[in-house]
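Contents: one structure, followed by commentary.
For reference, chains read A, B, C, D, E, F, G and H in written order, and residue numbers begin at 1 within each chain.
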C-alpha cells in the first residue's frame, strides 16, 4: 500500500466514508490463506503479476494437494508445480486435473495456459544430458505465456554447432544457457548476443565437477557482459525470470 | 554475418558487382585491432550495441592507455574503465581525458555520456560498506544512459527501512540488490517487486563470510522468484545487465 | 564439588563424623552406569537440571533399549530419544512404553511430561519443508515443559506473512528461526524482536545449497544482533537451548 | 505497531480526535534518519531495547563521525563502535568524546554506561591469543550494563585449569566460550554448566585451522547441549546476546 | 575453412565455376545431423582425426541407440560409448552390434578396430581398485589403434614394485598413471621417465579422500615435470590424449 | 640392499664364488607375486616386520580370495582383511578359513594370532556410535599381538567419565582417541597423558560435520602436544601404528 | 591423583596425621600460576614429563617475557618458544637469556639442554623450501634430548635420492617426513621403513596447493601403514611427538 | 639402469674386465651433489633428457646461487630459474651471468639456448592479464629449443578473435591454453584442433574465482577431448610438457 493510497484511506475514515473496521481490513487483510503447514499466497498474481508456484520437493502429497486446491479455489485457473516425482504426480493427478512432464518433473494443475507470440526466448544446452533442466525452464516460460525455441546440444567443444545458429540467437530477447561440465556455453553465447543471458549450471558431469560447482563458478566468472546466474539445476528460476524480461 | 547477408554477398560476387578480394575482406574483416598484448574490439558497439569496456585489474598503465587510445581513435566517444586504482587513474589521466570516481574505482575516458530518462533502475545496499560496489553498478548503468536511484543501507535487520521504500521499488524496471554478510536483501526485495532483481554479493563481512561466499550462496538459493546473481563484488556486471534490461 | 563443600567434608572426616570410605564415595562416586558400549549419565538431572537424552542415530536398537531401560530404572520418569527411524521406534516400542512422532523422528519413553505455561517460545519456519526440523525443536521444548507456538511457512520472499505476526513474535521470550535455502529468516526475525533468536539452518534446498551450508553461513553472518546458530537440522539443540533460556 | 494499536488509532481518526495527517505520521514515521550513505536507526532503543551499534569496518572516518553525531544528537547517551582501528579511533576522538580499547578495537562515544550487578556472565578463553575477541565480548556486555568475569587461558589441553574454576562457572547465568584451534572449550564447558553457552570460534591458529573454520565446525558439532555459536571472531555478537539472556 | 580455401571458392564463384547456392552450402554446410535432443557430429573424423564418442551417462537408451545408428549410418565403422551401465549395454546391444566390457563400462558399436604396433602406452595403477578406470583408458587407447601395456598395483607404498619395471617404463612413449588415495604414483613415475605422463586421479579411497579430491590436488601439485592431469576417474580422456600423443 | 651388502656380493662375483646369474637374482629378486590385477607383497614381513594386509573395499570377492590364498601359500599364517562387507565375508569364508567381526567389518584368514601382554594400548571413544571404528583399531592391534583396553563413550561433554579413568590412561603406552562430531576427545586425552595419542576422526555426526571433516580439522588443530592424526574412520591405520609404537 | 592416593590421604586425615587444610591443598593445589592473561603450567614436567612450551604467535612481547620468567622462576632450566619473529626475539632476548634460530623461528630461553644419544630421529624433506618447518621439528626434538639426522631435499620426483639413503632410514626409530606440494614423501618413506612415520604437510607450493591442503590430504590418505599426520607446518608437534616415541 | 645393462656389468665383473669397486660406483654413483639444503641432480639431462630447473620461490638468494653454480660447474651450459623476484634476480645476477624476464619472473643462467624450428607450439591466452603466466610457458618452451607462437587475448567472450586464427591453430603440434576467470578457452580450442591441448588455469579474476579454482575446475571438466591440465599459474609445467610433446 503506497503512502498516497494510505493517506486517501485515512481521509475517507476521517470523512466517515469508510468505517474503521473496513479500513483495518484493507490495511491488514491477510493476502494468504493459512493451512497451518503452509501460508498460501492467494493474491500473488495481483501483487507480483504471476501466480503462486508450488515447489514440490520436501512436501508430502497431501500437502501438495491441499495447497493446489486452495489456490484453484481462490480463483487461480492454473497452478505450476515443480520438482514433482512421477509417483507424486500420479497421486496428485487423482485429486486435481494435472498435466505432467516426466522429463522436467513439472506439472500444471488446472488449465494449461495459452502461449503468447510476444518476444522470443531461446533455450540452449551444452549437451543432451542437460535437457531435463532445460525443459523445466522451457515449460515454465511457456506456462507464463512466452514463446520458446529449443536449441539443444550446442556445447562449446563443437562451437560450429552454436555459430551455425547465430541468426536464431540474434532474434532472441532473452537466452537461457543451460550447461554442466565446464559451463562455458554461457560465456560464448554471451559474446554473440546483445540481450540478457541467464546461465543455468547443471549437475551434469562427474569427479571435479562436484555436483555442478564447476559450471556454477565458471558462469559466475564469465568474461562476457550481460550474463547472470541462477542456482544449479534451477530451470524454473531461469524460465520465470526469462519470461519476466521477455514481457518488458 | 547472417545467412541472408552472406547469400546476398555471394550473389553480388557472382554478378561481378563485388570483387572476390572485397568479399573476402567483408567476410573475414577482423573486427578488432591487434596490439599484441590485446585484441581490441573496435566494432563491439555495432555487434552488441554497447562499447568495449576495459577491465583495469591486472593490466599495466601502459596497456590501459594504449587500449583506451585505440578505442578513442577508432571512433568511440567514451570508454569505461573498471577496477582502476587511484594511482593508475592519475597516470592514465595524463594521457587521455579522464573522469575518475575513487569510491567505485571506475573511470570514463573521453566524454561522459548523457543520462537518459527512460525507465528506472533502483540500486539498494544492505549497508554503508557495500556502497563502493553499488557505485560501480550505478556509474556503469549511468554510463550506458540509464536513470538510477540509490537506496543505500536498507539491510534486512531493520526491514522497516526497506518497507518504507516499497513505493520507490514499485516504480523500478530493474532492481540491483547489493549486500554482503548474509545477503538476505535480494530475497526480501525479490518478494516485494515484480521486476527482475540482479543480486550482487559483496565481500563485506568477516569470518564465516569467507570473502563473500556466504552472501553468494544465499543469493543463489533465494526463495524469491525473478532473482539472478552475478559474481562477488561485480558491480559492473550488474550495472551493465540492468541497463540492458531497462532499455528493452 | 565446590571448594567449600570439599573443605567441610574433609573436616567431617577429621572429626570422625564421616568415615574415609564414605568420603571417598562422595568424592568419587561415579555419576554414570557403565554398559560397556555406553556410560549412562544417571545423575545428569541433578548436575545439569535436565535428564539425559539419547541420540538415536548410529546406535543399534538393542543399545537404545538398554540405555533407555537403564535410565528409567535409575528413576527418570521420561527419556527423550531423537533421530529415531520409524522402524527402530517400532522395535523400541515393544520393550518400553513409547510415544513416537514420525515427522520429527523423535520419541519419548516413559511418561510424556506435562507442559508449563511459563514464558513462550515461538518457532518459525521459512517453508513447509522445514517442518520436520521445527517439530524436533518444538517437541523437545515441550518435553522440557515449555509452551510453544508454531508459526510455519513465513519465509522472507513473502515478508508480509511474517510482519503480520509481529504481535505474536513480540510476546516470545525466545524465537527459534528454522530455514533452509538462503536462511534469511533469522536476520529478518532478529531485527523485529528484542529477545534471543536461535537460528537453525536446514538442509532443505538443492544445488548451491550444499546440504544446508548456504543457510548455515547466512545465519552465522546475520547482520541482526541477538542471533546465534546451531548445527544444520539440529532441531533438538535449538529446542533444548530455547527451553533453558525460557525458564531463566 | 500492533493490530490493537492500529485499531485504536483508526478509531481516533474516525472520532476526529486525531487528524489524518498525524495518523499518517504515526503509522509511517521513519524510525531512522537518512544520511544518504546510512539510514541511522534513532529509535532502536525503543523498538529493541538496546541502542544502535556502529560496525566500524568498511566505513570511512567521516561516515563514522556523522553516524555517531546523529545518534548522540537524537538522544543516545552513549554509542558503541566496534572494529575500529587505532588510527580511526584517534580521528573519531577528535570529533566526539571517545573511550577506546586497543585490544578489543572497540570504542564508546559519549558517556560510558554504568555496570549493573544483576546476574553474571563468565567469559572463558582457550588461550592468551583469544583475548582480543574475548575483550570485545566483555566490553560489549559491560556496555549494556552486565557484570562480567574473565577466565582466560583455560584451554582443554590442561583441563585442570578449567575444572579448578567449576565453582565460578556454576555461578554464571551465561558463559561465553572463546576458542580458536580445535575449539573444544565450548563442549567441555557445556558439559559442566546448566546455563546457556555462547561459543565464539576465533581465527587463532594456522594451517588446517583455515582462519577459524576448524573451531567453527567443532563448536557447531558440539556434543554438549545448550551450546550455540556466533560468527568467527564475533565477540560483539556474543557479548550482546549474553547480555540479553543475562537480563531475562 | 582456411582463408586460402575461402579465397579460392570466392574466385570460383566470380568465375562462374561455382554457383552461389553451392558456395553457400560449402561455407555453411552443417557438419552434424540434428536429432533434436542431440546434434551428431558426423564429420569429426575429417575435422579432428578421430571419430565422435558417445558419453553414455545421463542419456536414455533410446537416445544412445539413435545417436549410434546415426553415426554408423553416416559411414563410421565403429563408435565408442563410455560410461554405459550393464543394463543399458544389454538394451543397446539388441539394436546394434556391440562389444561391452563390464569392468570399464565401455562399449564399441560396429567393428572393433585393429590395434597398431606403433609406439607404446604404459598404463600403471596404484592399486587393484583403480583397475576399472585404467581399463577405460586402456580400451579407449586400443580403440584408437594404440599398443597398451598394463602395469597394475604398483603404488608407491611398495616402491620396489614400480622400480622393478623401470625398463618397461623407459620404453613407453606415454605413461598413464592412475591412482586414488594420495595419488603419489604420478610424481614418482614422472621422475623416472622422460616422456609425457598423464595423471588420472580416481575416487578410490574414503574419508579425507573426498571422492578423489586428495589425489587430484596431489597430481596437480606434482613436483615432477612433464605431468598433466585429467578429471577424476576420466579414463577415457587419458586414453584418448595418450593415443593422440603416441601417434605424433 | 645396503651399500656394504652390495659390495660384498660384487666381490663374491669377482672371486667366482657367486655366479652372475645368481647375483642378478639377488639384486633384482621380485619381492612380490604378480597376479596381474595385484602385485602381492609376499616378503613384507621380512622387510617391514608385519604381514601384508588386504584392503577389501573396491576389490571383487575373487580378487580377495586369490590374494589371500597367495599370501597363505607363501607362508603367512594369518592374513588381515579390512573393510569387508558381511556378504563378501560369507563368500570368502567358503574359500579360506576366516574369522569375521561384523561390527568392525574386519576379517582374519588363517589362524588368529595370539595376543601378547607386552605394553598396553587404550582405545577411547567419544560415543557409542564410534565403536565400529574403534573395534577396527582394537582388532587390528590385537592381530599384531598387542594388549588392548576399550574405554568407550567417554566424550568431553561429560568429562567426568574420562577423568574417572585417568589411572587407566596413565598405564597406557599409546592411546587411540576415536571421536566424531567435534572430535575434542583427542585434545583432552592429550593433556592428561604423557604417551603418544593417535587421533581417529569418525564420520559420526550430521550437518556441519561434513562426513567427519569437523572432527578431522579439530584433531589436526589440537592444542595438546603428542597428538597425531590418521584418516577419517581409519581404525586400521591407528591400530597398526599403535601396535608399532607399543612394541618399541 | 589416583583413587588409591586419595584413599591414603583421606585415611591420613582420619588418623589425624594430616590436617584438613593440608589435605585440601594437596587435593586442590593449583598446578599453574595465574597471570590473568595466561595460566602458566609450572608443574607440567611432573605431570607429563616435558616442560611447558610457549607458542609465540598471537602473544605480545610483554606476555611472552612474563610467561618465560614465570617458568624460569618456578624452576624450569630452559623454556622452548616457537613461532617467534626475529623482532620479538630481539626484544625477548633483552629480558631473558635466549638462543634464537631465525630459520625455524624458534627460541630457547635459559640453558640449551644437552642432546642424548639414545635412539635416532631422521627428518626428511621433499625440497629445500621445506627446511624451515623441518628445522622447527629438528630443534624441538633436540631440545628434548633426542639425536636427529637431517635428510633434506629428497622429494619423490627424484626417488633415487631417497633410495640412496635407505640404510640411514633403516636405522631410525622414528622418521619425520616434511613435504609440501603433493606430499608424496610420507607414503614412499612409509613403504621403506618399519618404524613410525610422522608426516608434516607444509604450505610450500602455490595454486591448487591451497596453502598446504594438497599435501595434508595426500598424507592423510597415505596407502602406507604406520603413517600419522600433524597440522600443516607444525614442525614443533612432529618434533615433540617423535621425541616422545624415540624415548620409549 | 636396465636389467640388461646390469647383467652385462655383472658379467664384466665376473670376467675380470671390471673391478668390483668400479662396478660399485657405476651401480650406485650418486647422480646428485649434496649441498646439505639441496641435493642437486647433476645428471638429469642424461636420465630425463632435460636439464635440472630451479624453482626459485621459497629459496634464499644464497641457496639459488649455490645450486646454479653447482649445475654450471657440473657441465650444464644453461640453467632455468622460475618464480624469481626482480630483487632476487638482481642479486643472483651479480654472482652468475643471468638473463631475466620481469613479466614471467623467469631467468636463464649461463648461455641462452638457441631455438629450434622443429614443430610449433601455439600459446593462447584468454586475456591480457594472463600474459605473465603465458610468458613463463613461452620462455620455458623456448629454453628447451622449441618454436613458439603467441596468440594473446582471444577469450571466448569474443570468439571471432579465436576463430580468426584457426589456420594458425591448425599448424600447431601442441597448444597451450592459458586462461583465468571461467577458463573456457581450453574447451573451445580443444574442439577446434586435433593436437594435444595443455590447459593452464590462472588466478586472474576475483570473487567466486577463488584464486583460480573456477578456471581449474572448468578445465578439468572440459567436454573437449585431448585436453589435460596443470596447476594454477603453472606456466613452466605447461611449457616443459609442450616441449616434450613437440619433439616427439
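The rule is simple: contacts are C-beta pairs under 8 Å (C-beta built on N, C-alpha and C of every residue); 3 or more make two chains touch, one makes a residue touch a chain.
None of these values were measured; they are calculated from a predicted model.
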{"item": "Smallest number of contact steps required from subunit D to reach subunit H", "value": "2"}
{"item": "Contact-richer chain pair [E-G vs A-E]", "value": "E-G"}
{"item": "Subunit F-subunit H separation of Cα centroids, rounded to whole Å", "value": "40"}
{"item": "Centre-of-Cα separation between subunit H and subunit A, whole angstrom", "value": "49"}
{"item": "Whole-Å separation of chain centres (CA-atom averages), subunit A against subunit C", "value": "38"}
{"item": "Touching two or more other chains - residue numbers and ranges from subunit A", "value": "3, 28, 127, 158, 207-209, 213, 216, 220-221, 225, 231-232"}
{"item": "Interchain contacts, given as pairs of chains that touch", "value": "A-B, A-C, A-D, A-E, A-H, B-C, B-D, B-E, B-H, C-D, C-F, C-G, D-F, D-G, E-F, E-G, E-H, F-G, F-H, G-H"}
{"item": "Complex contact set, residues of subunit C against subunit A", "value": "127-129, 131, 150, 152-154, 158, 160-161, 164, 204, 206-209"}
{"item": "Residues of subunit G that touch subunit E when the two form their complex", "value": "126-127, 155-159, 163, 181-184, 187-188, 190-192, 205, 207-210, 213-215, 217-225"}
{"item": "Touching residues on subunit C, where the partner in the complex is subunit G", "value": "3, 6-7, 10-11, 13-14, 16, 19-20, 23-24, 27-28"}
{"item": "For the subunit D and subunit B complex, residues of the former touching the latter", "value": "28, 30-32, 36-39, 41, 44, 55, 57-59, 63, 201, 203, 211-213, 216, 231-234"}
{"item": "Subunit E-facing residues of subunit H, complex", "value": "2-4, 47-50, 53, 166-167, 170, 173, 191, 193-196, 198, 216, 220-221, 225-232, 236-238, 240-241, 244-245, 248"}
